[in-house]
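Notes follow the structure.
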Amino acid sequence: MLFETSENYVRKLVADGLRIDRRGFEDFREIKVETGVAPKAEGSARVTIGNTQVLAGVKMSLGDPYPDTPNEGVLIVNTELVPIASPTFEPGPPDENAIEISRVVDRGIRESKCIELEGLGVGEKVWIINVDIHVLDHDGNLIDASALGAISALLDAKIPKYDENEEKILYGEPDRPLPVRDIPVAVTSGKISGKMLLDTTLEEESALDARLTVTTNKNGEIVAMQKGGSGFFTFEEVERAVELSVEKGKEIRKILGGIRD
Amino acid sequence: MLFETSENYVRKLVADGLRIDRRGFEDFREIKVETGVAPKAEGSARVTIGNTQVLAGVKMSLGDPYPDTPNEGVLIVNTELVPIASPTFEPGPPDENAIEISRVVDRGIRESKCIELEGLGVGEKVWIINVDIHVLDHDGNLIDASALGAISALLDAKIPKYDENEEKILYGEPDRPLPVRDIPVAVTSGKISGKMLLDTTLEEESALDARLTVTTNKNGEIVAMQKGGSGFFTFEEVERAVELSVEKGKEIRKILGGIRD
Amino acid sequence: MLFETSENYVRKLVADGLRIDRRGFEDFREIKVETGVAPKAEGSARVTIGNTQVLAGVKMSLGDPYPDTPNEGVLIVNTELVPIASPTFEPGPPDENAIEISRVVDRGIRESKCIELEGLGVGEKVWIINVDIHVLDHDGNLIDASALGAISALLDAKIPKYDENEEKILYGEPDRPLPVRDIPVAVTSGKISGKMLLDTTLEEESALDARLTVTTNKNGEIVAMQKGGSGFFTFEEVERAVELSVEKGKEIRKILGGIRD
Amino acid sequence: MKAGAPERLIVDGKRLDGRALDEMREIEARIGIFKRADGSAMFRFGNTHAVAAVYGPRELHPKFIRDPKKALIRCRYNMAPFSSYERIRPGVSRRSVEISKILKEALSQVVVLEEFPKATIDVFVEILQADASTRCAALNAAVLALADAGIPMTDLISSCAVGKVDGEIVLDVAGVEDNYGEVDMPIAVTPRDGKVVLLQIDGILTVEEFRKALQLAKKGCQKVYEVQKSALLEKYSEEDVNAVRDE
Amino acid sequence: MKAGAPERLIVDGKRLDGRALDEMREIEARIGIFKRADGSAMFRFGNTHAVAAVYGPRELHPKFIRDPKKALIRCRYNMAPFSSYERIRPGVSRRSVEISKILKEALSQVVVLEEFPKATIDVFVEILQADASTRCAALNAAVLALADAGIPMTDLISSCAVGKVDGEIVLDVAGVEDNYGEVDMPIAVTPRDGKVVLLQIDGILTVEEFRKALQLAKKGCQKVYEVQKSALLEKYSEEDVNAVRDE
Amino acid sequence: MKAGAPERLIVDGKRLDGRALDEMREIEARIGIFKRADGSAMFRFGNTHAVAAVYGPRELHPKFIRDPKKALIRCRYNMAPFSSYERIRPGVSRRSVEISKILKEALSQVVVLEEFPKATIDVFVEILQADASTRCAALNAAVLALADAGIPMTDLISSCAVGKVDGEIVLDVAGVEDNYGEVDMPIAVTPRDGKVVLLQIDGILTVEEFRKALQLAKKGCQKVYEVQKSALLEKYSEEDVNAVRDE
């Protein structure tokens, strides 16, 4: 009941051109990125977008390559919507929402070819790069926050030394930075009452009809896209979402500029 | 309510010597077998018995043999009662009904020794033969239809070429037919109102007390048997079911004669 | 209702210094240990403590060592609270109670270093020692009974012969006894109505506030400890539980003296 | 570059299977293919073959997940184990969970859910043969099965994929193009209203290329719609299908 | 032919363990072996050792699976991890699911289910030692546990296996025969009515051999029945067991 | 002896990280760190970092597991995959199930469960960095999160670990000591009443050593309590926290 009232309130407000927190439709909340927060990880980052808080960690190990790319590293993205973050998150294996986040983030990284996977072989083995996204506090826009956490942790990541005689990874002893050559940024446009909004809060998402996540690279090209929600977009709205993503992607990419310095 | 009425109606009819679709107690519905329906499978078949429709596919890969038969191929039968086929089938891992079908079909193939598993080694590996039974439309007699689908798909199957230098299976490039030397056929006798019926429909199965599946080979020998259901058979009924299976098995085996031509 | 009455009755009785079966607070029920009860196991034992009945079996196979102990055998303890033993046990994977028993028993064996794991390498492989605890009848004090079953089965265990040419374990042909150099014994003190009781029955456990399991070795040293239950112990009670365990451990160890004769 | 890739995928303006850049594979659609289901249909793009069945509207269990105002659509996309050269292990994968979710969301846009409060409408799709665009074929079959089940809808859904191959934007990627192409972009629209109800991209497109791809996709979806309409009209002549509002 | 098989399994009309072709292993049965269960029993064929416990009739959850007219029997067949030379991994396998199903179906034939509408009767069987015919031992123990629990039954069930070894039909296959024999045929009958409530065959039998096997199985089941009856009578002398109708 | 162990872990009465035998690592505690949760807190021993969130009291489903007289505490202890050098696979392990159970039992001692019949209070703990004593840090964070949620409690809980390293009893085992030490003994007490609500030992202690360890643990828990109290007082000055009875 309370929930629905909130939903209707959001709809009405947006129809009137307003947002609860008085932001403009195309404004993000404050974005903060802190790296190196998990010292036993090869790379890690805490991203906050307003009250939304996501931790991402990169762990590397040696394993088998895919048969058709025998010398390339393997990227695996996993998202855990741990129950700490929301009363609606249940313990257990990732549900369809967590899986969708993982796959959208994965595609942004993979399709942008931002990681140079080609040089990541070690003998017959290759580096397996696990990117784990751990959502700690859910106040909306989890896809953008998760994607940002993932690329931040990758930018922070150092490949550990490997002792070939002992056949042992020397965790805690970084060898060289993980080769990252692009910075994909996901920007999600939400649709409420026929309007397009960026960076929706959880409250706004109760009234969300549809969302379109557009991930762009540093050249301003599209590298991945994902429509979600049971609503629709017109062709014009799709093109507008692309423009917004290109534009906001540039701004957000600047925030990450410092990680590799 | 409706269901139970149907059940009682079937019972009464059968007690009077009749079937809903006016067939004789020992008549099958029309059986159709079409092979090659899944071109990316090594072998495949669509079997329809009346409105019951089953798809079976054979996929082959290389894997480890059982320790006590190091040069023999490995047969694995799996049945999926996909929810497309019936309002009572649920998504999820195979339940006891699906498992029973798999195991009865498996035993018919395995015990009849119809596949020459002995020649299926490739170096230290052997061919793993996955027979997947996919039930698409359920109108009764799933065991007979599944068994028929499995042996039809095996008769249709060609072993793919193997590139020893690249250690790669060349799917889509058949090398030779899978060696099949017998054709086991399962015929299930259902018991309703104390009478024995062949090829029961779904509606009839609502009134089924017990069933006895007898699988025979081309010599008219028994190769496998399975009693199911909470009812019973007398010793005389068991012997009658065997006679029926031998007889009907011969007729059904003729239908498959053309697959290997 | 009945259950709660029983719980209150137990509490009142204990508060008055009495137990339902008239035992003293520090008395065990009769303990019986029979070994060799599962001839296909490398070692086995049936332990009864009053009406509580536990079967433990040791199965050995060859597998990979832990990376940091390449020449040591591997111990794995698993407990199945099979539904045969109690109306409250459900089929399915071990629940938190079964897992706790496994881990407490495991720690007693592991930390006492009672098995000489060091000599259990076979080429690149090592012996994997599976200790399976199968609870058949639950009348309380499962931890002590399970621990006793596990060490009894280990004392009974013989390493099977291994045919190096055939790379095959010759089950049923014992080579030598499993090297066991200590006998850890777990003794659990239960707390009811502020009193400490040993060897609680199932009925008493309905009124149990907390329990403290202390496992000791033949030198009378503590090798493992586990507090359970939502109640508490005072520091004095903890020390008393230790004394009781040392004392009772000696008595129980005598019962096992004959297994290796 | 993956091993085994052909040198070129487009030669003299033609694709390796002989199609023009804006040419689809052969399309086939049929409805009413199963007896047990309340509605059923098949849809085929060349060697990509999907069958769909609809059960419902029916009671939803457990009660606490019911929506008092409208029906819930549940959707399961599944690949038959023998649909692909590498056997597909039975059971859900992350890929199938994601596709099931986006199909469900697309279908929810056109079904008049308010007509069946508290109920569920279950849509099951099996991919019997897979040669790219399986999610598009699944959606095309699913919407026909819904129509066959007499479920009221505001519009159909027509879906196809465009892609980028050898630097060119092409319609209905298939076969070797699927393995070595640069971009895959499945899309679904409501043919009468032109609403985009499914859209995904894998791979790098400039904004300009994306616009071009969108236009080509519109054409492809229109082609799919024609075939879907024919399949429905075929059934029309046989029986009363006034429950299918969109025809 | 599997590696390691002995040359002959029958020498001079005797089996390798010294038994005649129609001779069973030693049989043992006892009831009331556990305290917690409502009924319990053990049954042993030589080194095949099954224990069974019955809980119920008791309330069935969740409610929607209850049968308003009769009780449901649930059955779990399980092998102890250490019952076999190769450790049995805990948890269900396809084999254990199938055996649990056929045991449940056999027991449903003799229990008077109509006396306990909406309830469940849970039958749990553990195989503590396995040397062939474990499903037969399981069923023999289960039916005794049901009797021990005072569950009304129309008859007992007695089960054994026959097989074909070195070309001969033999009773109660065991040990090396189980590994290298040609046919295994477990069967279960109601001893008074002669109803066949479980029947399976693995391996090739001519129709003539099958008839011979059936006759031998009848004899075996009768032998099992005598032992079951003794176990029940032993309990008889101790307490009132009038709930056990079949004695 | 495991490979790679340093020759000595204590040199001249100092541990390898420079601490005295009875010295803890740096401790940090904060409450109210998350927005969504009803209560939240973090607790850190050096590089061991736990965060906890509390949801509830809230309705418990399904109904038949409710306790009509009091609330149920449910607890989940989980390690983030990147909290350790070896990646922790997501999902429950036997270790995490056991720790969740003993944390739940410890918390049940101090929460006034009778105030919320039929309800559940859910306590979730994530270990973000792991360097020994994660269960102690988890419990210290959890009890603060409960206080932050305004759940009535009879006392706090303060937890730390003692151990035996190079033959000496030391406080707050960490780093290399955790890998090569002889004994680990986590303990938790209610700081005002001195009740032991969690206690485990791994490794060999004489009775005498155990007594010494208990005394050292008491001191450690008192130190933890001071930090917990400060964290609560910091919040005090900001808002009305009279629901937290133990201050």
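As written, the chains take the letters A, B, C, D, E and F, and residue 1 is the first residue of each chain.
Here is the rule we go by: contacts are C-beta pairs under 8 Å (C-beta built on N, C-alpha and C of every residue); 3 or more make two chains touch, one makes a residue touch a chain.
As the structure is a prediction and not an experimental result, all values here were calculated from the model.
Common neighbours of chain A and chain D, by the contact definition above: there are none. For chain E, the chain whose average C-alpha position is most distant is A. Relative to chain C, the chain whose mean Cα position lies farthest away is D.
The distance from the centre of chain B to the centre of chain C, each centre being the mean of the chain's C-alpha atoms, comes to 48 Å.
Rounded to a whole number, the gap between the C-alpha centres of chain A and chain E is 58 angstrom. Remark: chain C and chain F have CA centroids separated by 27 Å (rounded to whole angstrom). Not a single residue in chain D touches at least two other chains. Of all residues in chain A, those that touch two or more other chains are 94. If each chain is drawn as a node and touching chains are joined, the picture is one closed loop, every chain linked to exactly two others. By the touch criterion the chains form one closed ring, and its order from chain A via chain D is A, D, B, E, C, F. Taken in their complex, chain D has these residues touching chain B: 34-37, 40, 47, 51-53, 55, 58, 76, 78, 80-87, 90-92, 122, 124-126, 128-131.
Taken in their complex, chain D has these residues touching chain A: 2-4, 94-95, 97-98, 100-102, 104-106, 108-109, 185, 190, 194-207, 210-211, 214, 218.
Within the complex formed with chain F, the chain C residues making contact are 68-69, 94, 96, 99-100, 102-103, 107, 111-112, 212, 217, 220-235, 237-239, 242-243, 246.
Every residue of chain B that touches chain D in the complex is listed here, in rising order: 37-41, 44, 51, 53, 55, 57-59, 61, 78, 80, 82-87, 91, 93-94, 130, 132, 134, 136-139, 171-172, 202.
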